[in-house]
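Shared between the two complexes below is subunit A, which pairs with subunit B and subunit C, respectively.
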Partner chain A sequence: MLTYLRKRIISSALPLVVVVVGVFALARMTGNPAALYLPLSATPEMRAEFITRNGLDQPLLVQMGNYFGGVLHLDFGTSLRTGEAAGAMALRAFPATLQLAGVTMALAILLAVVVGSWAALKPNGIIDRIASFFSMAAASIPDFWLAIVGILVFAITLGWVPTSGVETSASWILPIATLLMRPFGALVQVVRGAMVSALSEPYIRLARSKGSGQRRVITHHALRNAAAPALTVAGDLTVGLVNGAVVVETIFGWPGIGKLMIDSILQRDFAVLQACVLLTAIAIFTLNIVIDLLYALLDPRVRPAAAGRRRARRTETPPATTPPADAPTALAGAARP
Partner chain B sequence: MMFDERKILLAPARRRPLAALAVLAVGSSLAMTGCAVANSDDAAGGTAGSGSDTLRVVLQQEPPTLEPCESNLTSTGVVDRSTITEPLIERNPTSGELEPKLATTWDSKDDTTWTLKLRTGVTFHDGSTFDATDAKATIDRAVNSKLGCNVEGYVFGDEDLKVKVVDPETLQVTAPHADPILPLRLSFLEVVPSETSTTKKVREPIGTGPYQFEKWDAGQKITLAAYDGYWGDKPAYAKAQYEWRSESSVRAAMITAGEADIATGLSPEDNIGDLGVPYPNNETVALRMHNNKAPFTDIRVREAVNYAIDKESIVKNLYGGRDKVAAQLVPEGVVGHSDSLKPWPYDPEKAKQLVAEAKADGTDTSAEIDMIVRSAQFPKIEELGQVIQEQLTQAGLNVKLKMLETSQHLTYQVRPFAKTEGDLMLMTQHGNQAGDAAFTVDQYMLSNGAQSAFGTPELDALIKKADASTGDDRQAAFEKVFAYQNEKVVQFAHIAHQTGMIGKSKSVNYEPNSSTGDELRLAEVTPAK
Partner chain C sequence: MSTEPLHDAGAPHLPPPPAKPGTNRSNSPSMFGLLLRDKFATTGAVILLLVLATAAFGPALMGDLATKQNLMFANKAPFNPDNGWEYLLGSDSLGRSELARLVVATRTTLLVAVPAVAASLVVGSLWGVWAGYHRGIRETASMRIADIIMSFPSLLLAVVVLYVFSPSIANIVLILAITRIPIYLRTARAESAELQSRTFVDAARTFGTRPNAIIGRHVIPIVTPTLLTLATLEFCYVMLAESSLSFLGIGIQPPDISWGLLVAQGRQYLQTAWWLSIFPGVAIVVTAIAANMLAAWLRIATDPAQRWRLALPGRKKLITTIRTKESK
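Then we have the complex of A and B:
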């Protein structure tokens, strides 16, 4: 397991570097940010001074060298906008997004498993049809619209929850409800489909004929096998959430990294953008590793140890105890008088 | 053998990973919600029930910094100016007069060297006394140092001021040349203690104002507390809190739901109803035409643009009649605004005729015009662009509308202008915070002005003369500049002087004025009876 982890971490490092270098170069290709930071009446000398002060007049490779040199000392540069350390700004904003994305995905997965399994019990039955309709709707509704309508109905008209902000526990409700919709909708479809396939497998009939109750059949046999595709989709959706919670963060004033990233793009705040992208990329690579580990947990066939054993068995000479292919089996032998 | 009995006998006990996962998921969700959001106040001790002695304001964006020398940046100044920090001299936004603040009197014999008498009995939030050393340090830091303060570029350009402490209550400031509006320029400098760093900008301000800085929960809110040692009248609220939401309908929702007392940057489309208070905000919208390519090489085509746009209808239908049709780049209340200058009338026939005349004379009137407009710069800007495009097309011109985001739009707004395929026509929104036309005219109308497409030597001469005038002469000279622009230069097609709107809950009293967008003076907000 540890070898596997080590290999994955090393193989994730290269894409990480590529991502950061890519963002670094592309961001600087958008031109000189001086106009965004200096008053409109600034003279060309002031603009030149701004560029020099921020090292933007150096050749790209020199800038990149300086940047990575700083990264090795955990110095991710300074924000053009606020003057604070870019790394500190990104790290400060990240936990809020993680909390939002984490809770949302956990709830989405739980609800999707319940609803999807329920719907799969009787395919094309009434529950299935209702679940399909609502999950399609949920997956299609634009989160922006849902957020605004949610505020209008639940915060202003009914007054049940605050409009926005992070003041109280109740502030979580609307952002999570909004963010939940699309992953929930997509996952219900996946779980339902996977469960329908799993429930039609022969081992389910065998389990039922052995006397297993409905609950055990579902959780112990069917769900375990349906989990793999659901996990893939859930993993993709979580990655999307970490990046895409920006709309919800913007509307609800949630101090997360999505909003910080968008603001730093619009303001050409290079250091903060790089720090945000780096942090998010690390999180996504970690998430992918976790998903792979979960796969292994759920499905023994996928485990690296199992793969090793399979490889070993193929290369060994067959042991003497294995009967030749055309020898009669015990059953066949028993059938003969 | 079909089965490998060893494997079955030695197989480890089946674990129940799925159930374990579910428990983990639910448990961690509850744990995460139980904790407050990262970086926020504890839910229990949060300011949800902050009481009626806290004034809650919701802004459009988080201030990038509260460094006082950057307070001509709207998002910084709206919190700092006259609330946390104060200038030596302050402009009254309604009357336009300069009033004493930390300086009680000021005068000059030659408009070059000014002597200011400073107020006594003033202390900073850190307890230190205010005197001329602090005033000198403020000016040196903001204008003469290498800090690169925004106010330097905006107000003083590349020029330095010579500052001398005559005695603790007297300061002498010398401009590099005669500058009748130096006191107005000084009104942009927020006074800080002399100990403030001259090599680094500060994020958290220390000033002399009625509120002192208390706490900044980055990403969430800024909290201020009333300053007990304030030299003036104690403000009505013991605490003040700023939050920010980029979505205007959410800001409006906070007012409606009673979560905030004042919200900036609203419009009727945000569903604010009668809790919205409109006010003239000093902003003017205009089209700037570049004359280096056809068709704007011909002054008749530029005049045609002015005749072709139905400004009255735009103001009435797009902006609910709140805005005012403009004839110049500065609204009423700014020194130099000409009451007698009439806006170009809407005359589509005349526009067509002028275009035809230009065409007959050889100007390529079908050449493409690139109208560059900044997305979301103000409400309904895209509709405005489309209306103008349509009206100009009817006059016989070929206009292509391009909506760009801020950073790209800026490349067309200031020199050196980015290249366009067709002839450049930029929609620009200009706010004259300062109250004097020099701040507008120097930038927008001088031949080499930072935001000027072109000028003429005659106009340059008129502008230089106006810059050096004082009193009534100054007013007359600038009026002449604006009139000359409209008659002989026609760089601009002015559209309207705009209005802003704040949301104001029923529990507070506050009269917005033209400076509200740039400096929201909390001391002027009082509880409603």
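Then we have the complex of A and C:
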């Protein structure tokens, strides 16, 4: 397990470094911040002074070296806009996004498990068809438009919730409802598909013939096996949630990292942008590892091949010796999607 | 998005009459016939064709109208026949026809989505098939690159890159194509890796066929349907991504207009002129749902193991057959 974890950390750290270096290089190409921060009347000397003071005249590699040296000491540079430490700004905005994303994903998973399992009980039944149409629609509605319609209907016309801000608990409703759509729609389809195939496995018949009730068959046998593919997709969806968060935070004035990121891009605030990107990348990196661990925890058969969640690669860990009592024959039950 | 199911529309036998659907199951119906049997997929295909036609001919017919200002007709509400047909969907604060602006925006939207999907489809598929066929280091390296692109929110990459290179249509296409390549790369690699171990590929290899010829002749034809289905679905995603970018102000730039940009521009008039934001959004949703419905059908229709489902006599009957089977 530890060997596996170490390998996993090393292989996910590479994208992390590439992303941060890439953003660093790209951000430097976006144009000269001196033109943006100094008044039009600034003399060439003032511009030169500004550039030297912020180290913008040094070669890109030197700038990058200085930056990474600072990062190792948790110094992310200072914001050009406010003069504040960039790391502090990013960290301050982070919890708001984390709360938003956390509540959204928790709700999405909960609802999707209920609706997906319900739909899977009768494939092609009325619930199944409603669920599948809804999940298709959810994938087709642009989130920014949904947010605007929500504001128009529930905030402006009906006045039930505020249009933006985080002051009251009612202001959580619209952002979460908007963000919820896509992950919920995608997860319903995955849970439904996994449940349909799990319910047709021999171990379900065995459980039924042992006299387990419908509820127990679903929660103890089918769901447990259907959870693995759903978990993989949930992980990818959480990464995608950052996309939605940028849009939703911008519209609803949510003081999260997505809004900070857009603002710092628009104002060429390199240090803040990099701190935000680094923080997001670390969060995604951690999330991927947690999901891999959960994945192995959920399904002991996956453990030796856990690395195959994303890339079909075998680790040298010996095959699991303790298959779950209820699933000795169902090798295909929780195959990767 | 060339409507692939129409490729043998000219087949000599017409689609079977709906009155006696179950009779000719033996002679396998054409793709077009199969399409007509699925009401949802037909609707989707028709809507997509309409959107395509609008993008192709609309701007020529209504391009002038879209920029013509008429302050007499500023902020007119939609669905009022007194204002004339050009103000059917209302007008903005400068008195420009919303209908005409929507039509012109259709072309921009498709000019981004279609080339982006096509480029990522071609590059991703060829790359994936190549990587999957050769295995080894080429496969590992390709998958690692795909991982790097995928492990990062695509919108964020787009935002950063579009700020480096000014947000022109070509750059938006480029960045959307790059962020979506891994989708095809992964699928094509998986299929090709599986195919290259099959006996018919082995046979070709034994005869001394060169790898590129094997890939072109034996692997690509088999993976094409899957990838085309994926591309239909991706069209929906790419269109939404472009809209999001335009909405955030880093996609299509005025005076060009796309559906997403129209929503953004209408946002500040939300309280006084709701139609400016709502109609472009409806256009996006309807087109995306149409693409989704077509993709759902394509997935089944291009899969020989599942195609029989579509040839069955209508959905209702199918459900009742399954029900009776289950109750037995």
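Everything that follows uses one rule, which is that the second predicted complex is superposed on the first by the 283 of 337 C-alpha atoms of A that agree within 3 Å, B and C clash if a C-alpha of one lies under 4 Å from a C-alpha of the other, contacts with A are read in each partner's own complex, and residues count from 1 in each chain.
As a convention for this text, a contact is a pair of C-beta atoms (placed from the backbone, for glycine too) under 8 Å apart; a residue touches a chain by one contact, two chains touch by 3 or more.
These numbers were taken from a predicted model, which means no experiment stands behind them.
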Partners on subunit A (subunit B, subunit C) - clash or fit: clash
Which superposed partner A:L14 touches (first subunit B, second subunit C, both, neither): second
Subunit B versus subunit C as contact partner of A:M46, first or second or both or neither: first
First, second, both or neither for A:R205, with subunit B first and subunit C second: neither
Touching partner for A:M261 - first (subunit B), second (subunit C), both, neither: second
Subunit B versus subunit C as contact partner of A:I284, first or second or both or neither: second
Touched partner set for A:V149, first subunit B, second subunit C, both or neither: second
First (subunit B), second (subunit C), both or neither touched by A:T82: first
Which superposed partner A:A137 touches (first subunit B, second subunit C, both, neither): second
Most subunit A residues touched (candidates subunit B, subunit C): B
Touched partner set for A:T250, first subunit B, second subunit C, both or neither: both
Set intersection of subunit A contacts, subunit C complex versus subunit B complex: 30-31, 148, 151-152, 156, 250, 266
Subunit A residues touching subunit C - in the complex, by the definition given at the top: 12, 14-15, 18-19, 23, 26-27, 29-31, 123-124, 136-137, 139-145, 148-149, 151-152, 156, 236, 239-240, 242-243, 246-247, 250, 261-262, 265-266, 273, 277, 280-281, 284-285, 288, 310-312
Contacting residues of subunit C [partner subunit A, same complex]: 143-144, 147-148, 150-156, 159-161, 163-164, 190, 193, 236, 240, 243-244, 247-250, 260, 263-264, 267, 270-271, 274, 277-278, 281, 284-285, 288-289, 291-293, 296, 318-319, 322
Partner subunit A, residues of subunit B touching it in the complex: 1-2, 16-19, 21-22, 25-26, 28-29, 32-41, 43, 46-48, 64-65, 67, 72, 148, 150, 153-154, 157-158, 200-201, 203, 218-220, 243-247, 249-250, 253-254, 256-257, 259, 405-407, 410-411, 413-415, 442-443, 450-451
In the complex with subunit B, residue positions of subunit A that touch it: 30-31, 33, 35-46, 49-50, 53, 81-84, 89, 92-93, 95-96, 98-99, 102-103, 106-107, 109-110, 113, 148, 151-152, 155-156, 159, 162-169, 171-172, 219-220, 223-224, 227, 250-255, 259-260, 266-268, 294, 297-298, 323, 329-330
